[in-house]
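One chain, chain A, links the two complexes that follow: it is found with chain B in the first and with chain C in the second.
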Partner chain A sequence: MLIETLIAVTFVAALVVFLTPEAYAPQVAFALSLLPFVGSLFLWTRFDASGNALLEGSTVAFETQAQWIALDPYAINWHVGLDGVSFPLLVLTTVLVPLAIMSAWTPIQERISQFYGLILFMEASLIGVFSTLDFFVWFVFWEAVLIPMYLLIGVWGGPRRKYAAIKFFVYTNVASLVMFIGFIALVFGLGDSVNSFDMPAITQALHDGQLSGFAGLGPDMLALVSFIAIFFGFAVKVPIFPVHTWLPDAHVEAPTPVSVLLAGVLLKMGTYALLRFNFTMLYDVAATLAVPIAVLGVFSVIYGAMLALAQQDLKRIVAYSSISSMGYVILGLVAFTVYGIGGATFQMVAHGLISGLMFMVVGVIYNATHTRMVGDISGIADRMPITAGIFVAAAFGYMGLPLMAGFAGEFLIFLGAFQSTVLPGAPLFTAIAMFGIVIVAGYLLFAMQRTLFGAYRLETDYEITRAPLHDVVPLFVLIALIILLGVDPDIFFTMIQDAVDPLVELGGGL
Partner chain B sequence: MAFEYAPLIALLPLASFVIALVAGEYLPKKGGLVGMAATGGSLLLSIWAMLRVASGGFYDETLYTWVAGVGEGTLSLSFGLLLDPLSTMMLVIVSLIAFLVHMFSLGYMNDEGETGLPRYYAGLGLFTFSMLSFVFADNLLMAFMFFELVGLCSFLLIGFWFREDAPPSAAKKAFLVTRFGDYFFLIGVVGILATFGTAQFAGEGAFPQLAEEAIVGGETLFGFPAGTWVTILGLLVLGGVIGKSAQFPLHTWLPDAMEGPTPVSALIHAATMVAAGVYLVARMYGFYALSPTAMAIIAFIGGFTALFAASMGVVKDDIKQVLAYSTISQYGYMMLGLGVAGYVAATFHLMTHAFFKALLFLGAGAVIIAMHHEQNMWNMGGLKDEMPVTYYSFLAGSLALAGILPFSGFWSKDEILYEALIAGLENPVLLAAYAMGLLAVFFTGFYTFRMVILTFHGEPRSDHAEHPVPLGWNTKIPLAVLGILATVAGFVNMVPVAELTGADITYLSHWLDSGPEQLAYSTYTATAEEFAHIHHAELTPLIPGAIALVLALAGAGTAVALYRGPHPVAHTDKLGGAKDVLVANYYQDEYQVWLAEGLTQRVARGADTFDQGVVDGVVNGISSVSLLGSGRVRRLQSGVVTNYAALITTALVVLLVAFGIYGGWF
Partner chain C sequence: MVTDASTWIALAPVVVLAVTSFVLFLADSIKPGETNNALLAGLSLAGILGALAVSVWYFFTGVGRPEGLSLLADQVVVDGMSLFFTFVVASVAALVVLGSYDYLHDHPHKGEFYSLIVLATTGMALMANANSLVVAFVAIELSSLSSFALVASLKHNRGSIEAGLKYFLIGALSSAILVYGISLVYAVTGSLQLDAVAAGVAETDNIGILGIGVLMLVGGVAYKTASVPFHFWAPEAYEGAPAPVSAFLSSASKAAGFVIAFRVFIEGFPLETVVGLGIDWVLIFQVLAVVTMIVGNFAAAMQENVKRMLAYSSVGHAGYVLIGLAALGGGNDVAVMGAAMMHLLVYGFMNTGAFLFVALAEYRGVGRTFEDYNGLWHRAPIACAAMTVFLFSLAGLPIGGGFLSKYALFTAAIGAGYWWLAAVGALASALSLFYYSRLVKAILIEDPVREFDVSRQPVGLYVAIVAAAIMTIALLPAFPVVDLAQAAASTLLA
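Now for the complex of A and B:
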């Protein structure tokens, strides 16, 4: 019942904040957001999962499985539980939300209760996404994340917020639809071998070769078509080239705390789902498509980095660089080695923290200067030394500086990808993707040189003052966590390996 | 008592970093004294570790598991210490220079009333920590990680004066250029781990040993014959070496890095960043010695860089610029030595260079303070009598740099050239490398004494030169210590004297030959002979030594002849068109800046246009088509968010109720 409690508490917290008077909403929201955080830490102390939640022979932590709605022929189950892949992402969510809420205290000045209510509503749905093991319920949570995000961008966003919000919503909804059709076709193709949307059961049936034809497609063809449909659906969320263009618009228009959660957690829904569905359920199809997927991943790395290099808006720079970082994750997944997939999972957490931090730092600068354009500001290290110092630390974290979390994730991915036996020419793919670490250094160093250093100059009519404490505290917390995970990646990586290992063994014969 | 306190060698400066960063503002000397205490402690512990090694100790332990492999076939990644003759010697050098740089900084930074000093001392502490950790790393991954941190620290310190335009730009360039090299290094690290399953430098199953076994066994690795694959991996790692040790063509960051405070330059050039590259080759020498191609490339790049950089040093007017090019050139010599299997010679030069280059930079720093931060040598002159301590120590450093008997640089550079010659007599590529190295000796003598004469001799050519600012103890002590070392450090390995007298006085050779056999000098030489086919001709060291000395004296003499007298004039115009090329550094910066900014920016903008126009254009196109069709439904789109929320809620409720009825709840 622990996961249910966690989700319920977060939903109730969202409701309470909705009804809280504006004046107290920020503090109340922050205090209530600590409940899921503390809850997830409590779960950690009792975390006893071993193996992969979708595969046989595993122990799923905090598992509940009960029939919810008996439909014929497919029952809908309430099936939740956590393993070494989902738990780190759950912690990431519950850590980032309180910090994002605190970072909203300065910029969010209207419809305050509703804003924080929606954030908590989204958190509850996110916890659901990462802990649910029944497809139907999972899909409800998956879609439920979209609604608050749509409103958060559309109501509290920048000047082009409507365009960005609708683009985000339509784009991801179309993607969800395609994914849904692809997956349902797969379930129908399994015929009588499954009688629910239970994900472990479906995985087992697929691995046992129970797939028969559907809608005129043979089993292999059906698996391939479904794989592509599902991949497309999640690729939009990640995002992978060429379905990434909603991302920069959404980020630029979204207020800082929303960007933090969008980059920090929402993108990871895509990579998490790719791992669960495409690379676990249909790992054999993934292996046959290894080269095209790796091409997409590697291309996203370089392409996203090149786009970031062309931007003048600090937020756009960080937004495009997310595309680049997510390309590494794809490479790690497709490599299908313990360090490849494990590194990819670790990178999800690491990038969640680092990109969240980058957006927060940019937000703090924006709060003070009311501009994010590289050309409008220079030398702010003179006026905001602490913020600038954190900017430098965050940027080097993003560049993959050793002893920070990003290096651990990227290095493990590179190591795993280099050794891949699934991917032909793996060393070459890896070497090309690694060039991303040079380009990322390029654009972040250029951005820092122009905005932080040099003589102080500001093109807007604002007087820079020191950032308030509640702007800076989340930055320090994140830096500390990033260094902690960089020095001791095994905090998460041990459990990640534990969940990834049986999966890779499954594909051992590939 | 074994080596259990050895990790403190690096952890003390880490502590000083944290203390200076957090509380530097409230500490005496803004954290400078804490830094001195920490690096002083590191120095004592390093000496102690060296003594332990000298009495037969050896330490190679994994101390911290960074990532533990859980399943089958996954390797563990760890941190550990490797304390052997090479690493302990380097630890002493690094901590000594770091200690003296801290002391000197009290004069150079504190007494000059700089702001941001806690940041400065924090940077120095982190820099020392990173370099010391790099030096005693027991595996290549750990070495890479601290190699990168060294790069970060150089960024922070080169860009220390961030309010000006040039330092941040130089800092960015230093990091970016070395990062480009580190890209190859990282591939190499990943490749070595993926190939051999380990990155350990020493011990049973260390990667150089596994590589050797693979070559002997005729294995195929990643589709290549083992020898070819080892060469590829070695060259990839070499990318990082070329970047950090500022070898051609990645040397361009180093002259710009002179924008940093001068004590930082001393640290970067003598003991940390630039030394890291060459040290890395020495650290994994058992691996390089397996590859004839890699060795030849190391030797050739080294010889070429030695000459190439020395030629540019000839026309520089800024005292720090002259020293910058001399650094590039001197590290070229070390590479040359390593490439011709002159392991002891290269390590020897790494040590002597650390002393005399730190000395020269600190001496230049002293001059710069005295001159109110004037760096152009044409505005100096006549400082000899006003600043005797600086002058004599600087002169000792210059004689060492120029390679003049009996100063330290003579012995080490001479040994490198000797090794290069005897290897070159058996191999024309190495002979070409030797020839370039030899020619560079003349240039070195020339630019060094041009610098000495212009700075200290003649009549003062500005007001500041007439009335230099007096210096304190904190600048004089480091100069004196280093001056003595630059003079005498060469006596530890006087090969020609040993040859002449037959006395057994090549102490450094013996030192580097002690310790475990796997890491011993004689093993490396044997490996290089067997696998890299580097053979040594029989030749007495006396004649090549004499040639080098004559060339150095000729270079120095030419400079003295051209620039002596009370009012020297510039002779660079006599070089004609060559002068422009040299002043412009062979246009190396131009093409690299074009690559980094011109070309890359254009491609980036092209990609951006493509992304906005084509990729996003398609998306928007699809949506406008569907919008056209959905004009009727438009009335629903009221634009009022609460309406949307109401609609969504209603729909959800209806759906739930429908499901509830269907599922038999009611």
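Now for the complex of A and C:
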């Protein structure tokens, strides 16, 4: 009942915030968002999972299972539980939301209670996405995340918010529909060998070769078509080239706290779902398609970084670099080694913290200067020394400075990808992807050099003052967490490895 | 013919509604010079909720299960199906009466309006119980005649009058077709009671005349449910009518039309007999379902007027429910029909809610186009949140019961072997997200265009909208009631 309580508490918190008067909403929302955070820490003390939740022989933490709708031919169950893959992402969510709420105190000045209410509603749905083990319920939560995000961008966003919100909504909903149909077709193809949308049961049936044809497709063809449909659905979310174009628009128009959650958590829904569905349930199809997927992943790394290099808007730079970082995650997944998949999962958390931090820093600078264009600002390190210092630290985290979380994630991915037996030509792919780090260093150093250092100059009519304390506190918390995870990756990597080991054994790999 | 008290007790929901409508006439004539809106609305609501409560009570105590109760010389029947649809119709009517309380505050003929609403509800509830073609026709006419007057009830509004006239003319034509079809069936089978019709159908050799009769019955059903090819009246009538009446017609009248279709075709023209005769009404409904889904959704996507958009979307939803008839005979009948019934139930709440939101907008003097709805969230956050729930649920996003009922409908069609019906439905549904989200964008994201009157708080409308929203959301976790719908369907199909 602990997961249900966590979700319910967050939902109730959202309702309370909706009804709170505008004057108190920021503080009330922050205080209430600490409840799920404390709840997830409490779960950590009792976390006893072993193995991968979708595979046989695992112990799922806090598992509950009950029938919800006995609809023929496949029942819908309420089935929740956590394992080493999902738990770190749950913690990431509950950590980032309070920090994002605090970072919203300055920029969000209208329809305040509705803003925070939607953030908490989205958090509740995100907890559901990471903890549900029934496809149908999972899909309900998955879609429930999109609606608040659509409104958060569309109502509180920048000048082109309407365009960005609609683009986000259309992209993600088309993707969801394709993915939903692909997965339902797969389940129908399993015939009588499963009787519900229970994800572990479906995984088991698929691994036992129970797939028969559906709608005129033979088993192999059905698996391939479904894999591609599902992959497309999640690729939009990650996003992977060439379905990434919604992301820069959404990020640029979204207010800072929304960008933090979009980059920090929502993109990870895509990679998490890829890991669960494509690389766990249909790992054999993933192995046959390893080369094209790796090409997409590596291309995203280089292409995203090149695009970031060409941008003048600080937020666009960070947004495109997210595409690049997510490319590493794809490479790690497709490698199908313990370090590859484990590193990819670790990178999801690490990138969630680092990109969240980057967006917050850019937001703090914007709050003071009211511009994000690289050419408009210069030498603000003198006026905002703390913010500038954290900007430098976060950028080095992004570049993969050792002893910071990004280094651990990327190093593990490269190590795992290099050893891959599933991916032909793995060393070559890895080498090309590593080149992406050089470009990252290039654009981040270039942007910092021009904005932070040199003679002070500001093209807008604002006087820079020290950032308020509530803008800076989240930055310190995040940088501390990034260093903590960098120094001791085992905080999460032990449980991640525990969940990844049985998966990798399936592929006969290392 | 023996009628004892137990007959009327079994028919209590219909009786309560009929009595209520007469009480309303009476109450309104006590003091001819003045009307007491609160009293009239309260009486109507009490009567409708009474009928609703009785139907729920009967349903859960198992009245009419597993065998339906045949009453009045088998002319009417009380079973799970009839109680289920009485519940749907009465729920819609209750929401509409609540909304009308505010909408009618300066309307001169409140007494007539409420009693016509209750009278139309009586007709619809009787449609759910009709077990013979003649009772079905009388019930359809009772609800139709009341509806014509309701649509034209804004006597000084040209749009309302025009809509009422168009609705009446098409209604009269459809009634003529229906009654002519009934007479042809009677000529062939020598009977009007549905079981006797089924027996007559099995023995007849007048296949041609029977076929024309069945075709005309399909036409009557298409009119009542606003399906292609008799859907033209719907956008006109819904646009011109007072919005609560549009809500009532598009939700309750549609549900009542479908219960007639389910009972008449399954009881009167059993598939196992008529397919052998070459009168395959499933085939007709398959064509109608596909065309209705496509026409309704594409036409809705082209609209600039909110009410017309909702009207065409209501045509599209009739197309989804037609799958409930079109996918019969595939070995999955109970699931197919149960899902169609669930969709009508969910639709009853989400569509009524959406039209009541339009009623709220009309009450506030907001215009009719999408642009006029821009930025309403600044003025009415609660109603707009509810409207978002209605629209996304209508589109089939999993924020309300609409997602599960569509899913159940499409998977049931796949289970019956008609995967192409499900495919058309899924595509139409994806298209519908486009026009529903346009309205969401207008009310939530666009900037407001102008101020409007907020002097009087329409409490009744708000209560109705919020209640409909709560029911729409609640039907997502409470979807297991699909078991009850299937139980009701299996009684009919047995």
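Keep in mind that, in the parts below, the second predicted complex is superposed on the first by the 508 of 510 C-alpha atoms of A that agree within 3 Å, B and C clash if a C-alpha of one lies under 4 Å from a C-alpha of the other, contacts with A are read in each partner's own complex, and residues count from 1 in each chain.
The definition used in the following text is that a contact is a pair of C-beta atoms (placed from the backbone, for glycine too) under 8 Å apart; a residue touches a chain by one contact, two chains touch by 3 or more.
Remember, predicted model here, so these are calculated numbers, not experimental data.
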Q. Which term applies to chain B and chain C once both are placed on chain A by superposition, clash or fit?
A. clash
(Q) Contacts for A:353 in the overlay, against chain B (first) and chain C (second): which applies, first, second, both or neither? (A) neither
(Q) Tell me which touches more residues of chain A here: chain C or chain B. (A) B
Q: Figure out whether A:151 sits in contact with chain B (first) or chain C (second), or with both, or with neither.
A: both
Q.
Just checking: does A:252 make contact with chain B only, chain C only, both, or neither of them? Give me first, second, both or neither.
A. neither
Q: Would you sort A:489 into first (chain B), second (chain C), both or neither based on which partner it touches?
A: first
Q) Counting only touches as set out at the top, which of chain B and chain C does A:72 meet: first, second, both, neither? A) second
Q) If you stack the two complexes on chain A, which partner ends up touching A:171: first (chain B), second (chain C), both, or neither? A) first
Q) Is A:273 in contact with chain B, with chain C, with both, or with neither (first, second, both, neither)? A) neither
Q) Is A:405 touching the first partner chain B, the second partner chain C, both, or neither of them? A) neither
Q.
Contact-wise, after the overlay, does A:445 reach chain B, chain C, both or neither (first, second, both, neither)?
A. first
Q) For chain B, which of the listed stretches 110-118, 164-172 or 632-640 runs into chain C? A) 632-640
Q: For chain A, give the residues common to its interface with chain B and its interface with chain C.
A: 68-71, 147, 151, 154-155, 162
Q) Which of the residues in chain B come into contact with chain A in the complex? A) 65-71, 73-74, 141, 144-146, 148-149, 152, 156, 159, 162-165, 167-169, 171-172, 175-176, 179-180, 183, 186-187, 190-191, 193-194, 222, 596, 600-601, 603-605, 607-608, 611, 615-616, 619, 623, 639, 641, 644-645, 648, 659, 662-664
Q: Quick one: which bits of chain A touch chain B in the complex? Just the residue numbers, please.
A: 68-71, 76, 147, 151, 154-155, 162, 167, 170-171, 241-242, 244-246, 303, 306-307, 309-311, 338-339, 379, 381-382, 392, 396, 399, 401-403, 407-408, 411-412, 414-415, 418-419, 427, 430-431, 434-435, 437-439, 441-442, 445-446, 448-449, 452-456, 487-490, 493-494, 497-498, 501, 504-505
Q: Could you please specify the touching residues of chain C with respect to chain A in the complex?
A: 332, 335, 377, 381, 388, 392, 397-399, 403-404, 408, 411-412, 414-415, 419, 426, 430, 433, 437, 441, 444-446, 476-477, 479-480, 482-483
Q) Quick one: in the complex, what on chain A touches chain C? A) 68-74, 114, 139-140, 143-144, 147, 151, 154-155, 161-162, 165-166, 169, 173-174, 177, 181, 184, 188, 215
